[in-house]
């Protein structure tokens, strides 16, 4: 079984050589030339230093369209009219599956028909020069955001293409994004990605790495997300990554969100070696959005307010068109500006909310429980421990489509709207912690006069898109008149 | 000089008779018939009981267009697509000046040209039947919102027209809205309005009265606004008003806003007799808005979040088009839905912020200082005390256009964004309180490395529309590149 | 979904459910699966990233009466191309539904519906669809008439 | 506005400022007044709810070089109708500006500008106007050329 140890230069070279066969654009990748290229970039494009040097949360949207010229226009627009501090390229789904052929077809069809036939930017197909053209066309640093379990070729091409930040990780880009990918294999693949980032870093070109905190985006209990962030952080650090941005997706309860971000920051610094600079990123609500732009702005507003209180290093914004489909550039920029206005109005205020310390304590305890068990299962090796913990369900993610996770754990909100665990499956949480969760959910069930069933989970999944935080039975009537039909309770 | 005593039935009749000459539609007003009409309205249109019986803050927009059919369509739209719980008619500016002739011209021009030539609904011109048509065409209760110093005829016509809630008061619709109106005269005029409301109330038709809390909408220190609310409340109660909704306009600092709403509620109950049912209304930010709908949504979002924490009985929403002009119905409804979504997501959460009690204490002390002085100056009579206090500047409102107020007091934000008093003028606040304000503003001045000058006030006035809460000199650069031109400091 | 009254008529009726193509959005079908089961259907949930072959094979194996295809990520048109030929090649007589965020971007749904109906789908649903609407449609399309709609109490 | 460098050329130049009609929005002209004074102008601020007569009388009395009309509440067109005739009837030769939210509703500003220029205003400003723009325009229109623009430090 794989181990958490640094890949040797030989291994790195060997894998690099193998990957070159996967798609023609790989040929153009030349590590030394790429390092020189990065060195030629102005300070304002150095992702890690821009992010780590900021004194206020930086804003970054998501954005990816198939064509290079369109992507350039889109990013310039988001920079100019959205005021984005950091820019993204969001990669299309075929590239995420390493189906470069299909991505090529989609790209060509897009060029012919003029309508977008891919849901993102196929960076491998655009190749090193395409990427560089993009990086040069904008002022802010650009990150690669994707969801690719095997992102090795993508990393090779985009690092050489001038990008200095790369989202994802072996757990966070497997469990929520795949069906049949083996966790051991994705860890192996990400060791390469991280080692490559490490190699650049050692040459003076810091590549920022950002594990994907929101996971399935849907009521993920903070401790689970944080545990995954720390494990991925550790795996990356082993490979020489020195700039790590740990992520967290808003759950919508302000106290829990602020507590979780504190916990993430503190644990990140504790758990990872001092050589690593840890920053945090807060994702505005990643679950189902309301099918109405005005209401979506309300959801975005709560994200902005939470960010202003928690002060992460970076905020990933949503657009008011999130519900329906990939947003127009105008809507995307609007999401940025709404966030900016609210965040800037609140950030200068001292807002200390009661109960954050207590919630943070609970999260810390839970994360320690989970990590201790991983440590045990791996006999001190994070890679092994992670694989075994997911195998046994002692680590688990709700709504995980991947066969590599049990997906037995189910979340629900308590009476205050905090995400608790409803179904533990095999999750490695001790009895005392479980009792806390059970008690909180019992008291909600009592408030609502119903049993704790999957119905509660389903209601919570829909709640925000229906206009509430908690999926109370009493809300159903006003939310959707058709609702009643299927349930007679 | 006028006194705070209840008008006799004879006086009420005499004034009523006199007013009938002012505009032909007054003839149709018949008190007894009107009481019967109100009694025929369904419970859902009884403003006071809907408002007082609600268990969550109700949402109400502002909305007024000249034509009756358009106003009906507008209100139906806001009810259906905005989800408004309570509806408004906002009256045009000519009616506010009792220029019914000009309003008539504007109304006729509007009918001819098809473009709105008035900035609101000329209810007097539409007359009793027009008002009733409106009240009948919608489901929710409707309030008259205006800004009329002499609103006697407006009250006669609209009360008879079926409206059960009426905004304004002798101070709040004089000081911010007029230039040459004498305060004594407006108190006299509002005694009639309140007595008329009282007369309906005694016949079983409760007319809800709502003093206008935001005053000039621009950095009004909470204690000033609250003092005015209590004085107007008392004057109204004397005339027999039994349902009072005291108002407060958001200043943007969450702690101060929540504290102010608590203080308003508590003092309202203390200060007014037990016969009066006191409710509170929170106005989303009433000062200058950002010239950008996306950013305006951020401002609205902060209002919604604050409302969810403070839980007033009612929230008056803004639209994302506030900056530019009277909003389209779509934008108005969007403001309602953005507010609803954010408020509903936060309202179920327990959010206790540190420092609210302390800020509330300060506000209470200030209000008591102001009211004690009014009491003294009036020898126990609120009407006299109010007139004398405004005369001497011991009561004052920042940016007051009216000659009836000194307008010497100037506000500025402290380092946390709370509104403090920068220039006291003659304001009846004791030395200890003044020192607190001075100290807070000194520490801001120090942070910013500049003197406390009018420049700070001007910067604060523009801050929210420029994207910040506090008008820091450092913000100017990014806010507006043209800015630099006029200031060399 | 607990202790729900379901029409006896839906019992034993098998429907295939899955997310097609490279799409990993699983939450929607999880909710759908529970709702369909609670309504009495026998649901075969293929999960995410299911190929056309998997849909056809499952429908054949389980003698399904309906195939429900979900797609959220914007590539539905590409992923569903050819599905209906395979279904008729396999000699299947099934009702086919597709639902979710079927186009990339801010589409006009009427147009999207037309596109997918032209591809052979019996019904096309947008992402605002509540599971109850799909259930009601199935009851109509599978002629689970009210004559048969005796009910039974199920505890899920 | 404290300790600002102002061009000496603006000193002694009188401008009339006021809000016309039934309009009570005072904050904008308060800010404008301070900015104009800080820039060296002699400002006569008529306050809110000023009539056309008051503007004309003040301009005559103070031998003003410019009249700045503010209107926020949407009735500017009606309120300004006939103003320029009165100004010429009074034999005044003044630069006239109008600014604020000049139409009711969500107007197209180019059209609004055309309307007010047609009424005789030399310049038309929207509500996004920063005081510095008005000052720069006055300096141009009153030919306060850079030759004269010696500066002086003023403490306000």
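Read from first to last, the chains carry the letters A, B, C and D; within each, the first residue is number 1.
Assume a residue touches a chain if its C-beta (ideal position, glycine included) is under 8 Å from a C-beta of that chain, and two chains touch if they have at least 3 such contacts.
This is a predicted model, so every value here is computed, not measured.
With chains reduced to the mean position of their C-alpha atoms, the one farthest from chain A is D. Chain C and chain D have centres, each the mean of its CA atoms, that are 67 Å apart. Mean C-alpha position of chain A lies 30 Å from that of chain C. Centre-to-centre separation between chain A and chain D, using Cα means, comes to 53 Å.
Contact with two or more other chains is made by no residue of chain C.
Every pair of chains in contact is given here: A-B, A-C, B-D.
Of all the residues in chain D, the ones that touch chain B in their complex are 1-5, 21-24, 26-27, 30-31, 34-35, 38-39, 47-49, 73-75, 78, 101, 103-107, 127-128, 130-133, 135-136, 156.
By the touch criterion given at the top, residues 93-94, 96-97, 99, 102, 106, 116-119, 147, 176-180, 216, 218, 287-288, 291, 321, 323-328, 331, 399-401, 450-451, 453-455, 458, 461-462, 480, 482-489 of chain B touch chain D in their complex. For chain A in complex with chain B, the touching residues are 252-255, 290, 292-302, 304-305, 333-346, 348-355, 415-417, 464, 467-470.
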